[in-house]
């Protein structure tokens, strides 16, 4: 029926369709985006309130930034899989789409969503949390880019797992935290280096770890996804 | 391509309870397979296995052209209409059609989509969100989604669910056409739903 | 039968030696341990803490091994073995964390310090906890087995990042970590006299055999339970 369709082209089309579906659906309902924005604003407000005008050391503030980002991710990145299960539309995807395309499309969606929530959190944090100033921007940018990618990667595969379980909400952070801890520790360390004004070369070790983490997690996820997805 | 679906010793169990076992059948082009049985006998389970949605606990089922088809090719040849297959109701009818084609990796042709929707008496409402559709309209939309890629195998679980007499007539002509073009699989309680059955699987005595 | 008795005797000897052998500054007899400055009597904990930590890792590897087998063969027996191993590993991990915290309190003043190895054993504890939370949240057996196997594999690939890479970034208090002033050394170092090493390895072997024995026993029990359910 439709000629001149290489398998790669078909796969790309399918991946794009999964991404665009989630994207368009989100634009129409705006549910996840508004929940995430409110979450970030609320959490930063609570932190400001708790600090009570007093400062905290740059080390503590570096860690707290990623606490906010982690929990924001936990509140928003599971939706892409959980919604399909809850609405019963997962079967349509299983019926029509190659599993690898489903995973790739949803990973892409979470990468975009994750980047958005990271940028929002960082911007609000820099503006409102006065004790936190970045001295080495190159390290900081590297940290938030790689951190956000790694966060999205790990969160997506765990989201796929919990979507098939019962108590999805509380299970998500429980499963995600041990997996994400290496990423969080590394990225907090890099953020501290950026806040302390260290030269870029000091953070190379951290970046190496972050990049290998991303590669390992994505590779493992791709290999294991079909076991999770197929009944 | 001439397609044949065959099953040998098919068995399905959940949590150590056997739903059915010892299922054998073979059905080829131009033939109809009827899956019959009371409610709860496992008709939908067998349907899901045929569509590649479930892995059987035991036995074998395969779809062959010149040689056995892999999961990907299998998916490409099947169209399913079932009560448990949900559509994306925040999108419109034509958006759903474009979506399912793209999910299969295929290019969309809006002209073809519109004629398909017209045949199913949905063209007028093609741009309205499916959320506002009646149950009969949703059922007809499911037929459109199942047929848009012209599948060799059309699988219908409760084919006449939610349909009025007009809808029923449309579906009967679809079933006729599918019989001529490829394989038709029908799972139902109501035997008047389907005529001219070549192969019949009765799930009532297969526990 | 004889194996069980010999195992019992071995472990009794180990415990007696570990707790009973006196420590003196200049050991004269074969049953005296040398005094390690800074550790003294607390050194005895090595005979218990390290084997339990070692076992909690071994058990996790065993659990993951059977998990991978399950993904390939879909044999419910593999899943039973996987969850039994994880259960034992959880137990030993709790023991390792507690004995480690006791050691930390007596040597460094506080129960917990977040040095890399402490963090690693804690993460292992979290992984075990997550594994069992996941299992209890899935009703369908086949899905439960698949999801927990997949999760243990994902957890396993992130663990090396701790063990090999974290100590690079952070200095630690643990013997053998970067920045450890006394250099009480990684465990199997020259600081342990020959007779200490004998007791230590005997303990390691004894605990490992204990694990194997407990594992086989519990797998047998779990299988019987499984088949009884199938009949009813």
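We call the chains A, B and C, going by the order they appear; numbering starts again at 1 in every chain.
Methods note: contacts are C-beta pairs under 8 Å (C-beta built on N, C-alpha and C of every residue); 3 or more make two chains touch, one makes a residue touch a chain.
This is a predicted model, so every value here is computed, not measured.
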Among line, ring, star, complete and other, which best matches the way these chains touch? complete
Select, from A-B and B-C, the pair of chains that is joined by more C-beta pairs in contact. A-B
I'd like the Å distance between the centres of subunit A and subunit C, where a centre is the mean of that chain's Cα atoms. 33
CA centroid of subunit A to CA centroid of subunit B, Å: 37
How far is the middle of subunit B from the middle of subunit C, if each middle is the mean of its Cα atoms, in Å? 53
Quick one: which residues in subunit C touch 2 or more of the other chains? 139
Touching at least 2 other chains, the residues of subunit A are 231
Seen from subunit B, its contact residues with subunit A in the complex are 48, 51-55, 72, 75, 78, 80, 84-88, 90-91, 99-100, 102-107, 149-150
Of all residues in subunit C, which touch subunit A in the complex? 71, 119, 123, 126-127, 129-130, 133-134, 137-139, 143, 146-147, 149-151, 153-155, 157-158, 161-162, 165-166, 168-169
Provide the residue numbers of subunit C that touch subunit B in the complex, in ascending order. 139-142, 229-230
Give the list of subunit A residues in touch with subunit B in this complex. 1-2, 5, 9-11, 13-14, 16-18, 20-21, 24-25, 28-29, 87-89, 91-98, 101, 230-231
Subunit A residues touching subunit C - in the complex, by the definition given at the top: 154, 157-158, 161-162, 164-167, 171, 174-175, 177-179, 181-182, 185-186, 189, 205-206, 209, 212-213, 216-217, 220-221, 224, 227-228, 231
